[in-house]
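Each of the next two complexes has chain A plus one more chain, namely chain B in the first and chain C in the second.
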Partner chain A sequence: MQLVLEEVILSRKNWSLRAHGTFTEGIHLITGRVGSGKSSLALALAGLLEPSSGSIVLQGIHRHTLSMQFPEYHTTGHLVREEIRSWGLEPERICMEAGLQGRERERSFALSRGELKRLHMSCILAGTRDLLILDEPFSTLDPEWKHRLCRKISSHHPPLTLIFTHEQAVLPRVDYLWEIREGSLHALGKVPEAILSWKGAPRYIEEAVRRGALPDNITIEDTEEALCRMED
Partner chain B sequence: MQDGRLRIFSTFLLSCAAFTSVTGAVLVFIWWIIFARDRRNLPRRRTAAFIFGTLALVALFTTIVGGDGAGYFLRLSVVMLIAFWAFGGGAGEELFDVAVWAFGDKWGFDIGLTADMALGSLARIEDDILLTRQAITMKGTQGPVRALVPLGVSVLMVQIRRAGCQAKTLAVRGYHSGGTYVPRFNRGKEDFVAFFFSILIIFALLGSFVSYL
Partner chain C sequence: MIVCTGLAFRTLAIRELTVPPGHTCVIGPNGSGKSTLLSLFAGIETPESGQITIDGEAPRRTDVGWVGEFPEDNLIFRTVQDEIASALRFHHLPDCELEPRIVMALREIDREDLRDARCRELSGGEKALIALAAAIALRPSVIILDEIDSHLDRATAEHVQRILPSFSCTHILQSTQNMDTAAQADNLIYLEEGTVRYFGPPEEIFPALEDTPFYPTLWRFARCNSSLKR
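== the complex of A and B ==
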């Protein structure tokens, strides 16, 4: 099961992005600055944006979906329970997971954006898919829920999971790193080796690498452990 | 046409002329072919199909109940073309200029700011509709007709939330009412020619325009 990008070019007006590479099974983190083209690439990989040239081939992938940055776009149920049912899921369980116990009868759009994001992420992660594309899954979540989401992604992710984010504080454990810079998608490789060539790495990783410690993965906990190991 | 004042007056005159009669719509269409050639601002194909498709549906219904559906479709289509020409490229700043020029720093500023924000929202609606449609398609739970209601609600709620954020931003920045703004206008010879012909069209249709009113 893999997703292959063959000389893909996405473009509009004065902007373009080149992407070439293969996403194999595992969790992939794709980072880049705001405006670098993460969301456009996510849309293209989900088959919702036609590349100007090149092709995107889904090999062995039958079921896939994309979670957009803003949960409002996904919201079709007037009430919270209707919204959950529109994903084919059971309201009580999802409300529990999203920290919205007893709020099944509330209007979906009466929830705050953070609550709506929690609800949306709980719905999207409860499904069974071959490929899951998450565009800025951590936006509008507080640190506690970012950590919960990281744990959830690590324990319940589909075979091929792509996370597009510019989050710098709370990140999940991942298998591969990619970076969008200077109008191109760069495959940095497998973690932890890829960390060394990650130019947009979070401060805590930069600092650890500067001190000579290479974390096993990209979370704060992994970085702390690497620094402790070094001191030992 | 570069001068916002002339464009707004022309838009008003041409819209009235096109809406009044089929002859007016034809004359305005000719005006549009000649003077709007550099700035048609036509929407994306899907948006255009939606807008003109809706007009066609209403026209069909009008014909079925015994009205002049074809005439309605023609007149409204030309009004839409003029609207795209005038506002399709995002003329918010221009409306700001005109409002302050016409009504001053207090009322003019408020009217201009409202118009600017409204046009900004309209420009974003196209993307909102596209993204919401894609999200609903991915859910795969509803047909295109059943998806219309959630689509409309989602787009509306996104707009309301965005408007709320804008209002808070203005309040935080100290906006209460009115403000200082210096309007700027550029114009060329063609501006006057186009404006003159829009007056000519409304004069040519004066009889039918008055009888319509």
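== the complex of A and C ==
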């Protein structure tokens, strides 16, 4: 199972992005500056944006979905329980997952934005898919729920999971790093080696690398352990 | 000073709170009332009971630069130039003042390249930045940012934090889920279930949150190193 990008060009007026490479099974983290094209590439990989040229080939992938950056884009149910049912899921179970017990009858848009994001992420992660594309899944979540989401992604991720994010505080364990810079998607390679060429790394990783520590992975815990190991 | 007395609005209940001038970060779990409190400070909402004053005036009588948490909702005009000019036009500034203010605001956010862009073509992060440019163009006395950094990459978020102190405003109020950002503020308001659980400078508040995910990552690393050095 893999997702192949063959000389893909996404473009509009004064902007373009070139993407070439193969996403193999595992968790991939794709980062980039504001306006670099993370969300556009996520849309294209999900088949919702036509590339100007090149092709995107899904090999062995039969079920896939995209979680968009803003949870309000996904919300169709007036009430929380209707929103959950629209995903074909059972309201009580999902409310429990999202920390919204007893709030099934509330209006979806009466939830805070972070709560709406929790609801959305619980719905999207409850499904079974071959490919899951997550655009800024940690945005607006508080630190505790970011950690919970990381654990959930690590334990229940589909075979091929792509995470597009500029999250700086809490990140999950991943297999591969990619970075969009100067109009191109760059494959940095497998973690941990790829960390050394990650220009947009969060400050805690940059700080660890600066001190000479290479974490096994990109989580805070891995980074802390690497720093401690170095001191031993 | 921002003074809240007997404040009640939706799930928010704050008996007494006095926020001195400077940079204040509002932190807390999802649903604790951060956005609600900021919208009251901005005068977008008015309390069901109680009172808020900003330097002795009601929020609605104060010039507030506001960047909301929904990037789509911040922008209402077709072009970036019109968006940034909107607050200035609503304040009846003469046309000759618009151009330099637009240029200055775009220069502040380091995105002069977006000057001729259409708002609907912007990314989520760019929309948040243009909303910030529109907010600062008016040179307000209060700037309120509701989780602007959740839409920004590291370099851009750090640039925003760097330029904030350069604005000559009395209060900067900012909600964030990045505790390393919050650690740089003069004061923190930690909200929980609609009430102020902690208020004070970061060095007084974060020790109480040391065993929670709300403790700044970089502080945790510093702690790790110093304990090892001992």
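To be clear about the criterion, the second predicted complex is superposed on the first by the 232 of 232 C-alpha atoms of A that agree within 3 Å, B and C clash if a C-alpha of one lies under 4 Å from a C-alpha of the other, contacts with A are read in each partner's own complex, and residues count from 1 in each chain.
We adopt the following convention: a contact is a pair of C-beta atoms (placed from the backbone, for glycine too) under 8 Å apart; a residue touches a chain by one contact, two chains touch by 3 or more.
Predicted model, so just to flag it, every value in this text is computed and none were measured.
On the superposed chain A, the two partners chain B and chain C do not both fit; they clash. In the superposed model, A:H78 lies in contact with chain B only, and not with chain C. Between chain B and chain C, the partner in contact with more residues of chain A is C.
Residue contacts after overlaying the shared chain place A:H166 against chain C, while chain B stays out of touching range.
Once the two complexes are overlaid on the shared chain, A:K152 sits clear of chain B and of chain C alike. By the touch criterion stated above, A:R113 is placed in contact with chain B and with chain C alike. Applying the stated contact rule after C-alpha superposition, one finds that A:L48 touches chain B and leaves chain C untouched.
Contacts of A:W87 after superposition on the shared chain: chain B is touched, whereas chain C is not. Legend: residue contacts after superposition of the two complexes on their common chain; A:L66 is shown touching chain B, with no touch to chain C. Residue overlap on chain A between its contacts with chain B in one complex and with chain C in the other: 70, 72, 113. Within the complex, the chain A residues that touch chain B are 43, 46, 48, 65-66, 68, 70, 72-78, 86-88, 109, 113. Of all residues in chain C, only 28-31, 34-35, 69-72, 121-126, 129, 147, 150-157, 177-180, 212-214, 217-218, 220-221, 224-225, 228-229 touch chain A in the complex they form.
Residues 128, 131-132, 134-136, 138-139, 141-142, 147, 150, 153-154, 157-158, 161 of chain B are the ones touching chain A in the complex. Touching chain C in their complex are the following residues of chain A: 12-13, 31-40, 69-70, 72, 111-115, 117-118, 136, 139-147, 166, 168-170, 200, 202-204, 207-208, 220, 223-224, 227-228, 231-232.
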